[in-house]
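There are structures below to look over.
You will see two complexes here that share chain A, one where it goes with chain B and one where it goes with chain C.
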Partner chain A sequence: MLSEVSVLPYIFRRILQFIPTFLLATLLAFFIVQLAPGDFLSQLKENPSVRPETVERLRKEFGLDQPIIVQYFYWLKNFVMGNLGQSFQYKRPVNEVLPGPFMNSLILVIIGTVLHFAVSIPVGVYSAVRPYSTADKTFTFLSYIFLGIPSFFFALLVIWGMLKLQQNFGWDMPLGNKTSSKLPTDISWWRSAWDVFIHALAPTIILVLRGISSESRFIRGQLLEVLGQDYVRTARAKGVAENQVVYKHALRTALIPTIAGLGGLLPALIGGAGFIEVVFNWPGLTPLQLTALGNQDIYILQAVTAVATLLYLVGNLLSDVLLSVIDPRIRYH
Partner chain B sequence: MTPQGEVLLAVNGLKTYFNTDDGVVKSVDGVTFHINKGETLAVVGESGSGKSVTSLSIMRLIPMPPGQIVDGEILFTGKDGVQKNIVKLSEAEMRKIRGNDISMIFQEPMTSLNPVYTVGDQIAEAVMLHQGKNKKEAMGVAADMLRFVGIPAPEKRVNEYPHQMSGGMRQRVMIAMALSCNPALLIADEPTTALDVTIQAQILDLMRKLQRDIGMSILFITHNLGVVAEMADRVVVMYGGRVVEEGDVVEIFKAPRHPYTMGLLNSIPRPGEHVHVPGQPKGRLEAIPGNVPNPLNLPRGCAFEPRCKFAVEACREAVPPLFDTGNGHMARCIRWQEFEQVQQEVTA
Partner chain C sequence: MTTTVPTPVRKPRSQSQWSIVWSQFKRNPLARVGLGLLGLLYLMAILAGFLAPYGLTEYSTTDRISWAPPTPIHWRDAQGHFGPYVNGIRRDIDMETFRDKYVEDTSVTCPVKFFQTHPGMEGRTYRFLGFIPTSLKLFSVDAPCKLYLWGSDSYGRDQFSRVMYGSQISLSIGIIASVLTVILGLIMGGIAGYFRGLTDTLIMRMVEVLSAIPELFLLITLRALFPLNADPILVFYIVIGILAVIGWGGLARIVRGQILSSREQDYVQAATALGASDTRIIAKHLLPNTATYIIIFLSLAIPGFILSESGLSFIGIGIVEPYASWGSLLKVAQDGGFESLDARPWTLIPGVFIVLAVLAWQFVGDGLRDAFDPRRRR
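And now, the complex of A and B:
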C-alpha cells in the first residue's frame, strides 16, 4: 500500500500538471463558443429602440471589442483572482449566478453516484456468482432495455406512468421541479431536505439507470473472470468459505477497473444530468447552460467548462490515488 | 493386492463427469488407487488423462456444474483419526478438511497467489481459519513457515506482495501456505512444471525434506517421469480417464507392463538404459504416435488402442481389466504377459 511519504509529492506534481491541461481546455472552449456568429449584443443591435451608441458603449464595457485572445487572458486573470466574470443576461456576476444551479446538479450527482454503486455492485456480484441463472438473465435483459431507450424518452415514459398512478390511485409523487410550491416556509430543515430528496428521486433514477445497466454487466464480467483465476482456486483450497472467496479474494481485484473509471464519473454525471434536468424542470447546470448558449452569455459557459475541467482533473487524480490503495502493484513515483 | 502400511486415502471407482454442450466428458472414469501414510504417490499422464480432475475431486473443487462426481468413494482418514467419505461430506465439513487435513499446491506459482494481499496475510488466513489463532499469532506462524521453506529474511518477506517475488519464491510461499496447518496429505499438481530447471530441483529437494520433517503423504501429479523417479514411492499411470498401470516406482521404470508406460519411458532421454520395447531397436528415443483421444468419443475398447503398436483385434472389443502382475504391480493390458516374457528373455 501507498505510504504517505511517497504520495504527497506525487499529488503535488500531478496538480502542477493540471495547469497546462486546464489552460488548453478553457482556451479551446473560449474560442469554440465565440466561433458562432454574433455576440450577446447582436440582438440589441436589431432593436430599433436601442441607439447604436449604447450598443457600442456596452460592447466596450463588456470587453467584446477586444480580440478573442485578449478577452481570454482577461477572463483568465479574473479567474485566478476568483472572479468568474459578468453574466450578460442576468446582469450579475457569474460568481452569484453559478452556485445555485451547481449545487442543484450536485444533489443529483451525489444521490446518483451513491445509487450507481449501491445497485450495480450487488447486481454484478449476484449475476457473476450465479451466471446464466434466471436472475442473471433477467438483469441482462433489463440492462439491454435501459441501455436501448434514450434517457429523455424514458423520462417522458416515467412521467406519463407517474401521472397515471397519480390520477388513478392518488399517489402523490412530484413530477418535476426541485421543491413543492405548496410547502409552507416555516418547516424544519430535514422536512425541506426530504422534499428536495423525493423531487430528486425520479430524475436521479433515470439519470443512473443507463450507468447501472452497463456498470453491473461490466462488474459481472470482471468478477466472472477473476473467479476463474488460479488464486481464487488457491483460496478455496485453503478452506475459505465461498462468500469470503467472492468478497475478500475476488471482488477487490475485479473492482480495479471500476475504480479506474471513477475519475470520469464526476464530470460525466454533471454533463450527463443534461436533458433529464430539462425534462424534470430541475434548476441545474444544464438549463443554465442552454439559455447561456442561446444568449451567447460566454462567461457563464466558460465558468461551467472550467468547473467541469477541474472536476475531471481532480476525479482522475482521485481514482489514481484510490487505485494505488486497492492494488499494491501500482506505485507512483 | 494388500497395501503395506496404513492407508491414508483410498479412491475407489471414482467417476467424475462433465456435462458439456457436446455431450458428457468422462474425465475420470472408474479410478481406484490408494496412498499410504508418509508415502509419495505419483500420478502420471498427459494433459487430458484425468490426473488433475482426480486431484480436484479429492479436494471437491470440481466446478459444479458442469462437473459432477457421479460414482465412487474417496475414503480419507484425517488428523482426527476418523475415516470419512469425502464424496458424501457437506460443504462445511469439506471446508474444514481443505487446507487443514489436505492441502494443495498448483502448477502456476505466478498466478496462484492473490496479487492484492501480502504473502503473510495469505498464509495467516489459513492458520486463522483452521487453528483459531488471532491475526498477530497467525502472522508469527506465517513468518515461521517462510523460514521453514527456506525464504531468507522471513520477518521482512511476510509483508511483501507476490509481485515482489520470483516464481521459485512464490512456489515456496505456496508450499509454506499449504503446510501451515500440518496437513496429512499434500496434493502437488505439477508444482515444478512452470519453473526453471535449477529452481525445480530446489523445490523438489525442499518438498522431500519437508516430507521427512512432517511425515505427511504426497500425491504428486506430473507428466515428468524424471521428477517421478526422484520423488515417488509408487506410481499410478493414467490414460483416458482410467488407471492403466500402477506399481512400485522401481518396478514401473524397470518392467513396465503397459505399452503407454513404455512409450512414456522411451520419450525421455536416458542414455544407455532404455526400456526394451519388443520389436524396437534398443536405445532409440521414440515419440508415441498420434494424439490423446477425444474425451467425448473414447474408443469402445482400450483407450490407448488407436496409438498402440501392439494392438490386436481383442483390444478393440472391450476395455481391458486391470491385471495383477504380481508385487502390487497392475496393468490394464491384455498382452502384459507377453511383454513380461520378452523382457525376461532380453535380460537373461
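And now, the complex of A and C:
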C-alpha cells in the first residue's frame, strides 16, 4: 500500500514523543507513592512477615537507601528488564501477581469495546436517519439517564434485579466473581470460557452504557451534518438509492472520528471498569490496587499505575495512527 | 380641531447578553426542570438539620436497632382518630432463616409530632442556616418509638437523617472542587498562554503527564499520599484537593489556547503600549474573553465532581465516618455482599439522590451551553 510508506515515519515520530511523557508520568507516580507517610526501608525491616534476605535483595535491586530520584532510575531499569519488584501481601514477585488481574480487566475491556461499537453505531445511524422520531427521542432520553447514573449505583441496581429474578423464578444468575463455583472442575475449555463470558456480560454492559450513550448521540450529530452536505445532495440528485447514500457515501465520512476514538476508548474502559470490578467482585486491576493501597504494597501500586499508563499511551498512539491512516492531512503537521 | 398626541415610538430596547442568555435558558424545558430540581436539592442541604429527625451520628448504645426496615406510618388509630403515628419496634427471630427481624409492637403507639424542639438531646442540636443554634425538627417521635423513614444502618442510625446530612457534603464538594479547579486552570492556563516559552512548555507538559495516568489510578495513587485513617475533616479537604488537582488540566489547555489567540489582538497591544502591567492585561483584557466558556465548564464540571466524589467514597477512599456523603452511604449497600442487598434494598436510596443531582446539573449545564451559543437560539 502506498500510504504505509508515509505512515511509518509518523508512527516513529509519535513513539519518540510518547517516551518522555511515559517517563514523566511514572516519575510522578513514583514520587507520590514514595512521599506516602513513613520511611519505607525501616518499615520493611520492622515488618515480621518480610524476611531480612528479601529486604537485603530489594535494597540492592531497587537502591532503597539512595535518594528518591536515584531509586526511580533503579525502578525504571528493573521495569524495562521486566522486574516489577516484590509484593509484600502476596509474598510473591509482582510479575506473578499482576498478569491474572490484568487479563481479567482486559476481558471486560475487550467485550466492552465490541459491544460499544456494535450498539452505538446502529443506534446513532437510526437516530440520524429518522431524526426527532419517537425512537430517536427515546434514545436521547435514555442516554441522558445513563449519563447521569453512576456506574456503581447502576451495577448495584442490576445485581438487586438479578437477585430478585433468581428468587422469584429460580434462575441461576451469573453473579459475582469470574466463574461460577458450582461448575465441576473437569469441564472443557469452551465451557469454562462460556462461564467466564456470561459472568462478564452484566458488568460489561453496565461498563459501556455510558460510552454508548454519548457515542451514539455523537454519531447521530456527525451523520446529520454529513447528510446535509453538498456531495450527498449530488449523490441523491443523480439518483443513488437512499440506502447507498446513507451507508456508502455519508456513513464512511461520519464514522472517521468514531474509529479514531478507538484508541481513547480502551484506556477509558480500563479506568471505568474499576468501580464495576469492585461492585461485581470481579478480580481485576482496581480491587488489586485498592488492597495494595490498604496494605502499603508499594510495588503493586507503582506497577499497576505504570502498566495502566502504558496502556493509556499505547491507546492514544493507536488512535493517532488510525486517524493518520484515515485522514492523510494529519501526517504533515 | 383635534390634536392627536403622537404615540411615542418606543425604541426596542437592546438586550444585554445576559438577558438574552436568561430568556434563552428559560425557554429550555429540561433546563427549567434541572434548575427547579437543583433548588429543591440545595434547599434540602441547607435545611438538613431541620428535616432530619435524628442527629448525624445519633444511635442508642443500649438498644441498638441494626438494619431496621423503614418504619411503617399509620394514619388511623384504634379509636378512629386521624393522624400519623408509628408503632414500637420489637426484635424477633425469623424461625425460617434464624435471623433477627423487627416486628411492630402494636401495644406501643407514638404519634408523629411536628415542629418539636429537643433540648438536651445529644446530636440533635444544629445551627439553622449556619448560625442559629436550635433543635427544632420538622417531625419526630418520642422514645421508645423510632421513626426510621428509610431504615437504619448497622449502628441503628437513621438513614433518612444521614442522607439529609450527607447532601451537605455531596452537594458542596462538587461546587468547591470545581471552583478550585477553575481558579487553578485559569492561573495555570493564563500564565502558560501569556508568558509562553519555557513556562508554557513546563505547564503544558505537566497537564499532559497528569492526563496520561488513567484517572482512577491517579486518584488511588494520590490518596496513598495521606494516611487512610486521617482526621475525617481533613479527609474532606484532601478529597477536594485531589479532585481539583486532577481536574484543572483540560481547562488550562483551553484558556491557554484562547489567550494565545487573543493576545495578538490590537487592543492587547494597545494596553501594552499604554504601560499596563502583565497582571492587569491578563485579568482585565484576556480572561474576560473566557467567561462564557468558564460558566459552561463550571456547570458541567460540578456533576462530574459529584460523581467522582461519590465514586471515591463508594470504594472507601473518600469521605469517612462519622461523616456521610451519598457515596459513602451507598457503600453500606455494597459492603454487606449480594445477599444483604436483597435483604435490605432501602440501602440503595442514597444512589437515587446522586442520580438526581447529576442529572439536574447536566440539564442546567446543557441549557447554559445552548443559551450561550448564538447558533442554537430558539
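The working rule: the second predicted complex is superposed on the first by the 297 of 333 C-alpha atoms of A that agree within 3 Å, B and C clash if a C-alpha of one lies under 4 Å from a C-alpha of the other, contacts with A are read in each partner's own complex, and residues count from 1 in each chain.
Basically, a contact is a pair of C-beta atoms (placed from the backbone, for glycine too) under 8 Å apart; a residue touches a chain by one contact, two chains touch by 3 or more.
Because the structure is predicted, anything quoted here is derived from the model rather than measured.
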{"item": "Which of chain B and chain C A:Trp171 touches, first, second, both or neither", "value": "neither"}
{"item": "Which superposed partner A:Tyr74 touches (first chain B, second chain C, both, neither)", "value": "neither"}
{"item": "Partner chain(s) touched by A:Gly274 [first = chain B, second = chain C, both, neither]", "value": "second"}
{"item": "Superposition-derived comparison: chain B or chain C, residues of chain A touched", "value": "C"}
{"item": "Chain B versus chain C as contact partner of A:Thr305, first or second or both or neither", "value": "second"}
{"item": "Touched partner set for A:Phe197, first chain B, second chain C, both or neither", "value": "neither"}
{"item": "Chain B versus chain C as contact partner of A:Leu313, first or second or both or neither", "value": "second"}
{"item": "First, second, both or neither for A:Phe22, with chain B first and chain C second", "value": "second"}
{"item": "First, second, both or neither for A:Phe12, with chain B first and chain C second", "value": "neither"}
{"item": "Touching residues (chain side chain A, partner chain B) in the complex", "value": "229-231, 233-242, 249, 252-253, 326-329"}
{"item": "Touching residues (chain side chain A, partner chain C) in the complex", "value": "21-22, 24-25, 28-29, 32-33, 35-37, 144-145, 147-150, 152-153, 156-157, 159-160, 163-164, 167, 175-176, 267, 270-272, 274-275, 278-279, 286, 289-290, 293-294, 296, 301, 304-305, 308-309, 311-313"}
{"item": "Residue ranges of chain B in contact with chain A within the complex", "value": "59, 61, 91, 95-100, 103-104, 106, 108, 111-116, 118, 122, 125-126, 129-130, 161, 163, 174, 177"}
{"item": "Complex contacts: residues of chain C adjacent to chain A", "value": "205, 208-210, 212-218, 220-228, 303, 307, 310-311, 314-317, 330, 333-334, 338-339, 341-342, 345, 348, 351, 354-355, 358-359, 362"}
